[in-house]
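Below you will find the structure I want to go over with you.
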Amino acid sequence: MGRSIIKTVKLSKWYGNIIGINDINLKIGRGMYGLLGVNGSGKSTFIKIATGLMRQSRGDMVVLDEDPWDNPKLRLRIGYCPEGFGLYDEFTGEEFLMRKALLRGYSLNEARMVAKEFIKKVGLQEAAGRKIKGYSRGMRQRIKFAHAIMFEPELLILDEPFNGTDPFARIHLMDLIREMVKKGVNVLFASHILFEVEELTENVIVFHRGSLVAEGRIWEIRSLLDSVPLKIFFRTKNPHQVSSDLLNLPEVEGVFKHPEGLVAHVRKPFEFYPKLQKYVVEEKPPIEEFYPLDESLENLFGYLLRGVGM
Amino acid sequence: MKVERRGYLPYKGARMGRLSTLLTYVLFEMRSMLTKKRSIILLVLIMFLLSFPVLSVLAGGGWQFYQMKKMEVSRAILSTYLEFSSILLFLGLVSSAITVSPRVSSEMKEGTLAIILSRPITRDDYFVIKLSSSFAYIFTLIGLPAVLSAILFMGALPPSVKYDSVFILSRLLAVLLIYSFFLTSLGLFSSTLLRSPTAAGVLTFFLPWVADLAGALLNTVLNLPRKYILIALISGTLGTATNGFVSSPKGADLTLWHQALALSVLVPALMVFVAYLIIKGRQEV
Amino acid sequence: MEKEIERPPPKKVDVIETVELRKSYGDVEALRGLSFKFSSGVMGLLGPNGAGKSTFIKIAMGLLKADGGVVRIFGEEMSEDRREIKRWIGYMPEGRCLPEALTGVQLVYSMGILSGLPRKEAFYRTHAVLDFVGMGEQRYRPISSYSVGMQQRVKLAQAIVHDPMLIFLDEPTSGLDPFGREEILKLVQELKRVGKSIVLSTHILRDVERVADEVVVINRGELVAKENMKMVMRRGGWMEVSIIGNPEKLLEKMEERGWSYTLLGSKIKLKTLNQEEVLEFMKMAEESGVTVRSLRSGVRDLKDLFTDLMKGGGEVA
């Protein structure tokens, strides 16, 4: 269990004198990770090195215990869904998938069977016989996704997999990803749409200007951020009592009014939560709900990269 | 660079009527076409070429006209300028191919047509804008320098030489207008027909040559009279029409001239009409 | 110079009303009898690819002719030659649509002119709206050198240069990074605040949740749902709990108590608890050695609406 799927040591990549990524030390464990960053943060460079499309300038990367550069054997174990839309336009969707199966040594009939199976999986049956040229962006994403998940990869790398897809397709693709993860596939995916990342996984890796800014669970990263106090909302029938009790706790910096309750600004949330639980159990004040207000990935992203909330 | 954000400003002022809107926009289009580097290079080249007759009359004092009658002088001056016509036609073709014809096709390819048609204008307006701005652009490039040069030429002649300035200018202008219309129609036709700006430029440039070649071939192979072969009209007929303005033809020649003249206006008009139909009918904006 | 005084759009009418709108391309039916009303504010327009969203917008803008049915904008029937109505409308299309050779200023200025602004006013407003969308010195550079974020801003600027009352935004945040998205959404909210009506067509549900008052879902050219956002985002009948520590013991206790639950990632989803039950639950957590970090009643969102629609026969297109 403890082994890492991707491990990098001092990984750097320069393009001429422009830095792509700089000194990345990172261990990515099993499960699903979201890779985040604004444009030009080094996400794509990281993905390209991991898939062996590009070689690092310095440092090491180990993917599934192997060096990704020039390693066709490793390629077979990775499913990769690239960002762009440039596919083999002249192929039909079915031929595109069959091609991958044929390259793996399947016979024509077997390849057709496999292609059909995955086309059905991503719900493209109607368009399977049409040329990819005529596909919409959403359909291209789906065929790319089917291509990536064929042959049960150990690691699935998805670059902006939902770009251009409509909500129905998104829900469908997300379910497919969850299903893969349940089967034990490791997933690394990059996305600009933060709440979609949040919906799929808690684990994120944040890049900014080529450096690693944070790695871990969203709420843990948020709680560890000392610069901005965590805002915790309380719904209660007795706000006066609760607010004066909360102010007695050393971690609480202040309590403010909110149209539907109270908001406490809390430092060191890890020490605060157990005290809060004890307080609720022992003092029995009428608390109906409590939850952190600014724990979303969007807030975290803003705090990390700009020092302010979004 | 960080910009201080300004709030939203509502607009309470008046709006221009339809004609003023179209005119202002045509001027904007023309200006943005004329201020392109390629247009300026072409314009300088054309002006340079057209400065030769003026320079020669300044240097020689126009002695060759001393013994000639008024009409002969006029014809001689006119044919001096019409000798430039083929080179003007060529340079006009180049400018039509590289500036006019990519316009509509790039607007369709880049999707600009959608934001233009979302404005309070109709497709007819759009067509009028494109036609008139292209025409004005081409005419500015090849017509104005030629007319200007002819005026300077006449002004440089000694007072003893008599000539008919109305005769010269009206005919020169007529020829230049026909050329400009021909070149505009060619550019507009290929740019509405083709989606790729490059392909449209290539078509604009080569269509006349291909038509001319095909006409010549049909003429020799099938022995058909050149003027009746529609595709051969494009350059052959223009030449006939142009010469007719100088030589004031008579009899059978006059009929031939009228036919040539009619065709060199009708064929471009047909191309413009096709372009109009395409713009009008294009669904995907 | 001939001038026309602007006729303001009538108040107290529906901004958009469509009645039985139909449109086919060849034998593909893009719209089959679309009818709805949009009174004011921000309307989210949702639907799968090919549902007819873009076709509807183009017909509502007068760019396309409908085969049947009517679109009324501020109560007036729309068609291509209704110039006075088109003045009330601004349009930000999806994808790349800007002429690459022009600069940002030239493009916005020319669109101002085409909308009937006199030259000086067009120039003044060009800079005003470019300031509004936050374009800096880049406005003087050719559009071919712009990033996606700058292109989106210029696209928005040209849509509002003539001060329209109704603005169509087609995928305004597509391709943007989180900061770029945030900027555009803030501009949309600002436009809403100054009283503009906005139709926001997008695939990103969270954008609609953020700014919209109403949501219209269309599929296969028909209206599938039209909801008030407040109704969509109502409280669901469940609670979501996050804990620190190993949940196994707690889950066992919950089973003993007879509370059924589902796991959503690391979150525990269970039925709504009342006052005493919350206390009981917290005690259970304390006894199981875990710490409750968050306990909140679940809120429905657009994704739930979509999931319901998918179950209810809305097929994946």
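In order of appearance the chains are A, B and C, and numbering begins at 1 in each one.
Here, a residue touches a chain if its C-beta (ideal position, glycine included) is under 8 Å from a C-beta of that chain, and two chains touch if they have at least 3 such contacts.
Here the structure is a predicted model, which means the values were calculated and not measured.
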item	value
Higher-contact pair (C-beta pairs counted), A-C versus B-C	B-C
Distance-to-centre winner among chains (Cα means, whole assembly as reference)	C
Most remote chain, CA-based centroid, reference being chain C	B
Centre distance in Å when chain A and chain B are each reduced to the mean of their C-alpha atoms	59
Centroid distance [mean C-alpha coordinates] between chain C and chain A, Å	24
CA centroid of chain B to CA centroid of chain C, Å	47
Complex interface listing, chain C residues touching chain B	1-6, 25, 58, 61-64, 80-81, 83-84, 86-87, 89-91, 93, 95-100, 102, 106, 109-111, 113-119, 121, 125, 128-129, 131-132, 134-138, 155, 158-160, 162-163, 190-191, 194
Touching residues on chain C, where the partner in the complex is chain A	46-51, 147-149, 174-182, 203-206, 239, 242, 244, 265-266, 275, 278-279, 282-283, 285-286, 291-297, 302-303, 306-307, 310, 314, 316-317
Of chain B, residues touching chain C in the complex	1-21, 24-25, 28-29, 32, 106-107, 110-112, 114-123, 283, 285
Residues of chain A touching chain C in the complex	36-39, 123, 136-139, 163-172, 192-195, 199, 201-202, 219, 269-270, 273-274, 277-278, 280-281, 284, 286-292, 295, 298, 301-302, 305-306, 310
